[in-house]
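Below is one structure, written out as structure tokens; the observations come after it.
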Amino acid sequence: MRGRIVASPGAWLVWGLVAIFFAGLAGVIGSVVVNSFGVRWFDTWLPESYTTQWYGQAWTDFTLLPVLTVTLVVCLLVAGISVLVGVPAAYVLARRKFPGSRLVYLLFLLPILMPPITYGIPLATVLYKYGFAGHLSGVVLANLVPSVPFVILTMTPFIEQIDPSIERAARMCGARTRHVFTSVLAPLLVPGILAASILVVVRTVGMFELTFLTAGPDSQTLVVALFYSMSAAGIRAQQSVDAMAVIYCVMMLVLLVVALRFVNPTQLVARVKEDPE
Amino acid sequence: MSGLASESVSASTPAVRHRLAERGIDPQLFLLVPATVFVVALFIYPFCYGIAVSLQPAQGGALAAYRAFFTDAYQRDTITTTLAIALPAALFNVFAAVPIAYRMRGRFRGKRLLTTVLVVPITLGTVLTAEGLLNFLGPTGWFNRILLSTHLVDQPVTLTHNYWGVCLSLVITGFPFAFLLVLSYLSGIDPTLERAAATLGAGWAQRFFRITLPLLAPGLATTFCLTFVLAFSVFPSAILVGDPTGGTRVISIAAYEAAYVRYDYAAASATAIVMGAVELVVISIVLGLRSLFYTGSTAGGKG
Amino acid sequence: SPAVNASGPVPDKPAKAVTLNVLDVAGNLQLTQGMIDDFVAKNSGVVERVTYTKATAPELVGKVKAQQAANRVDIDLVLTGVDGLAAGIAQQLWVSLLPTYAARLPGMANYLAGAAAMQKLAGNEGVTVTYYPSGPLIEYLPAKVPNPPRSAQDLLAYAKANPGAVQYARPSNSGPGRTLLMGLPYLLGDTDPKDPVNGWAKTWDYLKQLGESITLYPSTTSETMKNLANGSAKIIASTTGWDINPRVLGTVPKEAEIGTLNGFHWVSDAHYAVVPKGVSTEKQSAILNLLAWMLTPQQQAKAYDKGYFFPGPAVDGVTISMAPPESQQAIKDYGRAQYLQLIANNPIEVPLEASALVAAFDRWDREIGGSKVKK
Amino acid sequence: MTGFETLRLDGVTRRFGGADALAGLDLEIRRGEFIALLGPSGCGKSTALNCLAGLLPLSGGSIWRDGTRLDTLPPERRGFGMVFQNYALFPHMSVRKNVSFGLRMRGLPRAEIRRRTDDAIRLVHLEEHAGKLPGQLSGGQQQRVAIARAVVVEPSLVLMDEPLSNLDAKLRLEMRTEIRRLHQNLGLTTVYVTHDQEEALSMADRLVVLRAGRVQQIGSPEEVHTRPANRHVADFLGFRNLLPGALLADGEININDLGVRTKGTPVGPISDGDAIVAAIRPEDVLVRSGGVEVTVEVAAYHGREIAAEARTADGLHLHLRTSQRLAPGDKVSVVLPPDRLLVFPA
Amino acid sequence: MTGFETLRLDGVTRRFGGADALAGLDLEIRRGEFIALLGPSGCGKSTALNCLAGLLPLSGGSIWRDGTRLDTLPPERRGFGMVFQNYALFPHMSVRKNVSFGLRMRGLPRAEIRRRTDDAIRLVHLEEHAGKLPGQLSGGQQQRVAIARAVVVEPSLVLMDEPLSNLDAKLRLEMRTEIRRLHQNLGLTTVYVTHDQEEALSMADRLVVLRAGRVQQIGSPEEVHTRPANRHVADFLGFRNLLPGALLADGEININDLGVRTKGTPVGPISDGDAIVAAIRPEDVLVRSGGVEVTVEVAAYHGREIAAEARTADGLHLHLRTSQRLAPGDKVSVVLPPDRLLVFPA
């Protein structure tokens, strides 16, 4: 098989495309990383010299400690709540066919299909109206809008693949509904729940629009702070913005590495059985 | 005696519960309630609220905000601008993903690493990507330096602060997403189908175009929709790497400006609704095309 | 919290130390955070703690208005430029601090002439905290531009001869961009420099011609600075602060030079402190104490910073020698003696008032920046 | 768990969206019996079992344990054990945990749980595997865990839904014996679902043959094997030759295309002149002179025997099994013994 | 497609990551033969078939069609037909399109494609279903589409990988005959993979018995059935009694725990005193006076026969099959006929 891959001319094209993509990616990330350590980088291949001062400066200038704390709290709350709310719904959707189940499914699909900015603006208005926006609670609520459906959509196939006769077997052994959930389903769902929560965290860390529209003084997450650092008024060293971007990137990568311990990369976007041989 | 008892008992147990259960309705459905409440309260309600706001502009009739949007070329053209960015980007992402995913669908060493690396850009976020593109593709970025020093060009190529910058940023964040999705659809297609085609005398092109591609088409449509949604809502990168007053003044910028620069909430909501509507039109067209294809199981038989 | 008392007389001192949430939409904290922190350190009985947030000016009104509608204002003090201030005035968001509490802010009596003019522009709602004459200036690397343009016509000719070499950022996002925009009517002798709709015929015409040889309007000033540094732009619009500070930071080479165009008028700029309606009188009291502190010469000297808003102080009699040593060093290394003459010898104008400015931005966006859009 | 004397299904009916998956099943199960539900795929066997278990609500009818009504109780309160087709072991629990699950749900004392779990594991010879997870066991071992898990709580009734269908031929044979042995040794009452007639015949005390949701026949293996109640049961039970014809006078029958008249054993009400179907097993067709001339078309080796397909001169196909070495093309004479040739109404 | 006289596999070997899935398979297939590859799961049957089809490259050895080397050609150029275990029907194509696929790939004229497709569909009795998609067909119908699709191109060799394994018992039996009939009528050469010995015995002209990637025996069904080459083949082919013991002098053997000495038929090289395994089928154990006393433990009804498990006084288990009506607890005498008792080296 491998022999044929090498031989085929189409393969060269494909691997060429992949190589170009990776080169571009390396350039994009690399230039940010290099700049974040650079001192005076004008019309040259590399900066004149290197320093780590931009990181310290970014840390204080952009008050990164509270920003990171907020980011962490928002992510944990969003992941926790969407799992609590989403998993039971996913369970019902996975196990039951009832009149209107397709409609309910569509209802949960819509928030993922809509661009965040489309519903973000009216959502922010409503959240401001009820006094949530501008605070952590508003940011969490706004981020739940795509996250709850996301958990439902990722967990549904996961639950579907758990043999329903296992639940029936538990009942036949005398287990009440509560025990079926606690002793049998919960342990089996743990990997799926972990995967879904990590994905929710990844998405929430990266969710710019909704957080941007609802964040207040004490509730900015890292991406929003990053956006402000690039676009808000004032003069600042590009390097410290880049340093902040690198901090963001490293944080995401750590999350990613953790996520990939639980999920296959293709499952980050869809859950389909791998290699049915 | 027992016959009598059973008669009376079964007569006195109205089988309403059973009949509902036969149709799939029972108390377990209450588990759906929290999530439904969430989506209704935080998505449907704001959406309707937005529609209501859009119909109550400060002056003019109920449709004044929409009329204003469609009569002002500066606003109206954001639709075409957005489509001109989102459609090609989404199409490129999907169609570039196909040959690559097709190559990579089997098992091979390093596949997991490769796919992992491909996931990285999904996590970069638009802001970092924008910053990186400005650095990398800027007039004196590495990319142009390479082109200049190899004498491929004698003027730096302008790839930022214009259409191309936004497109590239959409490709960087959207391609891996499309790729992983296509890969998972491809691995859902029973590999024995292609083997079967091979034993029937089909060469690789025939196998691909007659077996794999038709079976993949519905998945491609779905992938396109999801990628298109991401591209259509492009916002930060249109500002940061694009040309937000000209070539990349996308509809989300128009909505944002209406809300936060002009404080015209009716106009903002109307713009957002128009945006959602345009998106749904595109998605409906694609899903309509999708229904022309075979969409059942992609297993080769049995079960 | 909604239950607080937001109207009625403001006490001299809060009954209990308060926490202040400060929102900066102008990049002003760079200059004033040191003053504020110092105040908190020395007046812990008045202000217990301060939180700082930064945002962009366009969002300011939406945020404040929404909070006021929800009766839950938790932005106590806003540091803003002319744009945010004016937008808030139009929407009646701000508490009128003047003239009621003018007596509690003795520093205001001591404003520099330019700052006083800026204060007039602000009406009764804002208190000028920092001020600078700004621009318009052009900035270039002498190695690349040995003979810089000396007049607006020179600049146009240079741009035509060197397509893509001249850059300024989108005015609504950029201080130097808007300073250039507002400065052009004076340079070109337009009929009414304060009326962008009817009085700027020459300016719009000039911008259109200039636009033909401009390939890029970056969305931030930083971007133009970066392009200047790496050589992809040869002449960019600048201001005093944008000249000095980026060279201090090393984003622009030290050897960059500035130039002025013949017959230019300074179009000054200032930052204001405003208090949203709905902030409790206790907090208002603390804010007044804080503002009084900030307007003392000792504190104003911190506004020299590293040339960020050069010179920076709004009140008279604040010399560089009063500034913190890092500040003095930076100005010594990167400042320009010529600024003192330029400030002394050229007229200083106040910028457009807000609605005119928005109209100018809108027209610029539609006709200059978005020239591809058919009307 | 308390036992019972009889368990009675009274017109048990279950509909899915209007279609009867099971229609009016009447059955009395006596303590200690081994009952097999037999029938082709989709005939309602699993539906019947699930109704009995309480996993599906009834659409009609009732279920009684001695004097008490059972069908209103949830599964966990009926006290039955169940072995699932795909085992349905808890994949995250060791063999021991799987087996003890039911005891733990009943909140028994730890010492007792331990003792009874050990007993059950010993019973199915899995002592060495008690600590493993189900995924680490072979199919047959998993099967035994499923059985141990079902019987450890000493259920009054054990339900098994095609428990052997996922095993390979050799193992299937072994497990049959094992299940039957457990049934006997533990004094269980068992209801066993299968579509494999051989399995049903070899294991059950009584068979219930279902077709399209309706009972066709209830009887001992021998009754069902030798006297299927109708042509469908016959078809399902290995009467591969189903030959259409008509009943003549005097109990003689005419089978179309056979060429000669013959006699058979009528089952059910048939009158002279009626269209009939005559059924006979391939192994009952005797290759013997003096019968009908047939030509062998296909012959397949089956160890000691040959399974052949043959054709009469008029084109009637006959399946037969014989120890004679036949080859395609051979012409032989076959006899259909009247006592083996059952005659059903068409 | 051109036929061939012989197809020769020469030491065909396939390794997966160091482990031999198939080791040195030598086989000569003659035109018109029906060859079955038989063996337990994982023994390398599918691997062999895939190597032959060209779907797996060889790790060693070669394949020759008459004089030309074949193993370097891609599958589409070998001209073989294949029926996959899961059918691998193209789910988006109608039955007709599925069947005509191979013809279309060969670019034949439309009229000819139409004619041959119709013929093939008629051959498998799917005329009424020609317009349906595979998902709308039953398992047996899908199976027939798969066969039609493979044979329509008149391949020089048809490969079938457990084509019946997912079907129910009745259908399996019918399809066996049908496949065999097609093989004969179309004059195909067929290689058929199965793990079901009965299937292999009844269908094939020659069997290749594999175990762990190695050939154990090649021979006619009768040879393999009556004279398995070793104890593994015997075990796999229904010798349920595998009794350890030792060879004494004079061809006598001592089976542990049997209680008496007996004689057997040695297979393979054994010397006096060697440890042996004696193998006998349950149906060859005769219930007859004058033999060994055993107690029946389990008895299962099998239609005409009883399958029983019995134990000698010393605890040796014996499986037997008899038409006598035995019940658990009965004591009977059994005889192990020496010509049926095969003796293998242990």
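Chains: A, B, C, D and E, in written order; residue numbering restarts at 1 for each.
Just so it is clear, a contact is a pair of C-beta atoms (placed from the backbone, for glycine too) under 8 Å apart; a residue touches a chain by one contact, two chains touch by 3 or more.
Because the structure is predicted, anything quoted here is derived from the model rather than measured.
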item: Fewest touching-chain hops separating chain C from chain D; value: 2
item: Pair joined by the larger number of C-beta contacts - A-B, B-C; value: A-B
item: Inter-centroid spacing, chain E versus chain D (mean Cα positions, whole Å); value: 26
item: Distance from chain D to chain A - Cα centre to Cα centre, in angstrom; value: 53
item: Chain A and chain C: spacing of chain centres that average the CA atoms, whole Å; value: 37
item: Sites on chain C at which at least two other chains make contact; value: 219, 226, 230-231
item: Touching two or more other chains - residues of chain B; value: 23, 140, 190, 239-240, 259, 299
item: Where chain A touches two or more other chains, by residue; value: 1, 42-43, 125, 230-231
item: For the chain C and chain B complex, residues of the former touching the latter; value: 58-59, 61-62, 65, 87, 91, 170, 215-219, 223, 226-227, 230-232, 358, 364-366, 369-375
item: Chain D-touching residues of chain A, taken from the complex the two chains share; value: 163, 165-166, 168-176, 179, 183-184, 187-188
item: Complex contact set, residues of chain B against chain C; value: 73-74, 77, 134, 138-140, 156, 158, 161-162, 239-240, 243-247, 249, 257, 259-261, 263
item: Of chain C, residues touching chain A in the complex; value: 21, 23, 25-28, 30, 51-57, 63, 66-67, 69-72, 74-75, 81, 173, 175, 219-222, 226, 229-231, 241-242, 245-246, 249-251, 253, 308
item: Sites on chain A touched by chain C in the complex; value: 39-40, 42-43, 63, 66, 124-125, 128-131, 133-135, 216-218, 220, 228, 230-239
